[in-house]
């Protein structure tokens, strides 16, 4: 699917601070960037780097005052792997070594605390069936509602609050998958047909020797996703990280099939 | 320094469960394994893997009943890099891309919450001086005492408890360094002269374009450390991780210069 | 019902510390103490006080070394009010002023966080029906298992852990009732037929202008309970509170119908 | 001191919900209400009650839509007891029974976790000297800053955040006093010369057989305080509690010496 994405981010950095943006489309197998353009006002001389594992790109600079950044790209996002009907959950023994870290608890996903809940609630199912049961549980038990969570909200808290946004749904899903012995990792994306349009957070599970994308909010079709970054949880994939504080002036994000 | 290390671990896995050991000496530049031997009773057919980034080795198997594992190695651990007298703290801009994840908050190191404390308490210093101030603060403010913390204790809790063991000291140090804009990561090790002898947890900071080892407990000389694993925090470097529960029967760990 | 209760508590107070025992049978309407005897070794000159609201008695002393305390009583515990089949949940407007504090969140019962969960899960029922739905949920969802929780465990954590002991069940029940707008408070008791015998924790809800006892564990019949103390949660009804630390040497508690 | 106080509270209750206001001047020894007036728009038929222990008054009603409430009073607040220069800290043994609950941990004051910190930091002092050391520590270590905390913030979190408002300062002070064996409780008040004017939260400690007021923020003179309510922490003294949610439209609070 050809998708045109655009992000307009205006933030105020006062006092000046080191900042990291992760907003560019990833270099990822099956996903091709046909055109892209990055403009800032005032001009910023970014240090752009790219990680080996995920093809995620990072823009870094020391910023001060109000900085407006516009990123546009035209992307062929290929054929994304949604969860197939039949999948195998691997014993830990049979996982590639590089997948193992995604079994571990992380800042927002304290999966070490959810073993009993996962076994009580989803016990008797494994693999893709288990993931589907987890997604069904999230759909039934968590309300999509802005304003309940913030940037510090963990899956433990969302489990109590029973509400959150895409980030929280993703943390809840990752937590329950890892607690079920299934490697899971967070993905940030542009999402066609997401309403209201914004950066989207989804996750991937490792089954049948591959990573498969799932959207625990059910708000955007997997085929319309354009990958940006990937990591253990929101701590790794935030679209903007600053050492000091910064202030949102305005922001808009769009993704349209063309 | 030539060091002979040995770990005897007897655990009971009942019901059977997938288990991951990280107890072997790492393949790491400057560290040579002269001899090593792994024996188990009963015989276990481990899947041994090795991660690219750290040379850390992982033994995996599905275990049941009581399993006794003995690992012995003779190691030349080379010349370990303790913190040099003068170091530079890099702007985020100037960090290698692969170092960036070690700025992020992790399961046991919620560095995102400690920015103000770090600035109030250690403000005005940067780089190695800041790390030394952090180590001094830990030494002055945290008691080394077993029984206060457990495997779920985060640095936020240790900050309140004011007591813990090497794992907690390491999480506290990592948290305060990351909150200070300094990349930091956890290392597990065998430690010559550690008393009582056990697996040791320490950490590394990225300054002057390199990783430098520091021991926040001050219990073992850096030169006598033999690296095992490395990661974001204890979630990544635990010497034994199991999907279900397991029970300690007995355990001893030794490291002796020869 | 006539019930003979006995508690043997041997603790070590080293260094010496202020201590508060709440182990004596309460002076409570309908409950009569026919005989009682308190002995200690060595002799302790306790300050005994009695609170107005609950008739709960408190033994205080500065203790040092090993102290063995034996308390025995023969009690006619009257007819305890289990939840009647039909009850009214009062509007806050219609609650006696002295009942209002039992709507508030407390140390182990963060009911302020559970409003949405309570409404989603138990919505559509009020009063005794709601309390019964809460008890059913606890029975279905929480395992009675020692060793999962400790003295710091809150209902928020038990909600995640899905396991605990009578104290945790009581905190979970109080939390969900308060989150449902129903005043609830913790009660400590001797319990006939509790197995294994120990101090018991239960709770009371305010409905139809009265307090009604419920046992969320279902482990002991309400009719066989002998009240000791009452309060907001375990922070108020602990059988032993000390300013410094103390160490259990041995303890046994019994309650037998005669 | 004669003080004129006034609170204008406009909130929106939609959907309708039970609400409790605690905004009226307390009936308290030494404090006389010379005039007072309560008006609402639209007219609300409040259930007014008054608790025995604190003389605090509670206004309850089921509210819907936008409700504007204005409370005015002219008060002679008497001579408030600030901390005297020399005070005695009582052994637990010597405390009145009704003071004991104020030693216990509460929702926002987890004093059970701060024993070691209190002893390490304030050890060697007792009584009023200890309270003064605690107040000095708070002044030196916590920034008065709005926007860092919210209604769920506990003293454990403020201890990490190192910033908050009067409510957080009060929770921090209560927590450290209780952890030091000194009974402490929260007080809400109108405060002459508080800038910006608002409801104020302060606390009281029990020393030398009496309760003494302290203002951990140092923002308002103790002599200019007019008591409203009192309790274990903010859960007990909130000026507005609702079963469902409500929304602030506007609010102003003033207190002027006349």
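Order of writing sets the chain letters: A, B, C and D. Residues in each chain are counted from 1.
Just so it is clear, a residue touches a chain if its C-beta (ideal position, glycine included) is under 8 Å from a C-beta of that chain, and two chains touch if they have at least 3 such contacts.
Protein identities per chain, from UniProt: A, B, C, D = Transglutaminase-like putative cysteine protease.
Only a predicted model underlies this, so the values are computations on that prediction, with no experimental measurement involved.
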item	value
Neighbouring chains common to subunit A and subunit D, by label	B, C
Which of B-D and A-B has more C-beta contact pairs	A-B
Interface sides of subunit C and subunit D: same vs different residues, half threshold	same
CA centroid of subunit B to CA centroid of subunit D, Å	45
Distance between chain centroids, defined by C-alpha means - subunit A, subunit B (Å)	28
Interface hub residues of subunit B, defined as touching at least two other chains	113
Pairwise touch network: line, ring, star, complete, or other	ring
Chains grouped in pairs wherever the two touch, ordered by label	A-B, A-C, B-D, C-D
Sites on subunit A touched by subunit B in the complex	18-20, 47, 49-52, 58, 60-62, 91-94, 96-98, 100-101, 103-107, 109-110, 112-113, 115, 151-152, 181, 231-232, 235-236, 241, 243-244
Of all residues in subunit B, those that touch subunit D in their complex	113-114, 116-117, 120, 141, 143, 156, 159-163
